[in-house]
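First chain A sits with chain B, and in the next complex the same chain sits with chain C.
Here is the complex of A and B:
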């Protein structure tokens, strides 16, 4: 999958946890999950678990810690997909 | 300047079944913390509440240190709770205070990035509310948790700022306060035009907001 495809698909992972639908439609690598998408930090683990299920990957502690903006989420998922 | 951080978890908003799954809780607690639960706490607190208590402690610890360590990354697996002390009595129904009723809160000792930190957690039927300090003395810590009518992030933000400013005006009626958000996302309090010499911390989840400061 390309970065663009992952980024586009990630919108459906974020969707249940954000009310900022306008921002969600226009996310880019710099979009911050908490400050821009207004996702509550308590849902960050949900997002990691949902991403694991969607891409059939396992996201380890260190990788999960990096998933604070859209770009880092795409990077982690792309790396894990490459390792499959 | 002392550090402070707080967090609130609305219990009605957590997914109990998901929390109990290894794949989920292992992102929040590590093996040594699971062992503390199994050996010392399992008869006193449900596992899902323990997981979210640990989350609120770790999130509060991150907020406590973030204002001094701007490069810090929130890392539950690297924030290690080494001691958990159970309350002797049921949680108080009080939702505001200066210090805590020590016999009615969970107390933990934790380390993060080489820093030793301390927490106090109230666990009610509706919420988990935690404050973390870099000292084990919470007698000068003012805190408040409140249920509000909206879970919209903008409303949560306005309401929690109002709570804090109202209290500050009560304590220091002659002073003018305002709050700005730092570039790194934490709130900064200004008193009479200058950055105040005590940190403040905000939290929100679902219909609950919480705040704390050391005065």
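Here is the complex of A and C:
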């Protein structure tokens, strides 16, 4: 999977946790999950759980801590997919 | 000086009607909300029927943000939010606010969070899948989940309390809200209670053999308060909420006033002298009603209607005796008495709030709802009060003063008096 494909798919993972639909449609690597998408910090855990289920991967605590913007989310998922 | 407290809004999720118009119509028609539940039969319970609201889950999207709706599974929370937000809108207020409503608090009760939600936690933890639980579980398994959702959505900034006193919970929530306003601690309180009888909670009562099992094939006839053929209660689910306000505060914003809470009382029989974990000490019940009479400053001779606890068990007779003693009225002199439970079953924690909404509707619309299924009044009850006091059809009648009481496991009691709002007082 290319980075672009992962980024596009992540929109559906983020969707239940943000009401900022306009920002979601136009996310890029720099989009911050908390400050831009206004996702409640408690919900980052749910996004990680949903991403694990969607890609059938396991995201360890250290990798999860890096997932603060869209770019870092794509990086972590791409890396875990490569390890499969 | 103690503040006067009025009711300016109501919301209800009842087995026989969701929303005020449907519930009002159901009360007038004597419509039952008791249904057959195939799962209970399959699980070899003794009772196969229950009061189940016709609740549409997607209706929650009208009350909650998409983010909040996603991941919400607690039925008890869903009922509570619906009742509370409907009551808020009914009192003419908007859900949206930038600043918290510092003058408005909440007392909303329940007996337990959904055990289905708790079961999910137990299964995942035991399966070594705790990492999959996510962030939305605690808010749905903590007992204060319902009040947290209500107060968060409405921005309530005064005290927010989750109360729990078994079947007296709803009545007590209203009493607590009344007391906060009366003493000047809050100007407005969202009060009420909810109950979702899931399979597990149902099972615990079924095993006590206190549920009716003789009318499994005729659900609508199964709940039979005050009758000789009553053989136990029928569990029901639902929620109701009322908006209580300081009279002057309500008048200043031009609120529509439904009725006044004149007073009330709560106590315990101490599980002495006949009182146990499951049965009330009659002296406690009588004292609770008498204290409520003093608190409301009323003459028992003026009571038009008693909305009893009356669950359809052996305890009905003793309850009627306690009312008769406390009110010093018997035979033909006893007030009209009815039990909403004949239509919706016993909604446990939600009983007091749903039944209080029924009281207010009867006050403002001038009628007394029927005791359905009262085909064979208990002869022991007829020794205390006249049969005409227990209407079996809807009576059109001007009602000014209603008594509402509920009694719960743990030998706890709560009693309230509601009246029409009279501005020349």
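Rule of thumb we're sticking to: the second predicted complex is superposed on the first by the 84 of 84 C-alpha atoms of A that agree within 3 Å, B and C clash if a C-alpha of one lies under 4 Å from a C-alpha of the other, contacts with A are read in each partner's own complex, and residues count from 1 in each chain.
Operating definition for what follows: a residue touches a chain if its C-beta (ideal position, glycine included) is under 8 Å from a C-beta of that chain, and two chains touch if they have at least 3 such contacts.
Note that the coordinates shown come from a computational prediction; the quantities given were computed from them, not determined experimentally.
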Chain A as common anchor, with chain B and chain C clashing or fitting: clash
Which of chain B and chain C A:64 touches, first, second, both or neither: first
First, second, both or neither for A:19, with chain B first and chain C second: both
Between chain B and chain C, more extensive residue contact with chain A: B
First (chain B), second (chain C), both or neither touched by A:35: first
Location of chain C clashes with chain B - one stretch out of 22-30, 40-48, 76-84 or 148-156: 148-156
Doubly contacted chain A residues - partners chain C and chain B: 19, 40, 42, 45-46, 49
Partner chain A, residues of chain C touching it in the complex: 65-67, 70-71, 131-132, 134-136
For the chain B and chain A complex, residues of the former touching the latter: 9, 13-15, 18, 23-24, 27-28, 55, 59, 73-75, 77-78, 152-153, 185, 204-206
In the complex with chain B, residue positions of chain A that touch it: 19-20, 34-35, 38, 40-42, 45-46, 48-49, 52, 61, 64-66, 68
Chain A to chain C touching residues, read off their complex: 16-19, 40, 42-43, 45-46, 49
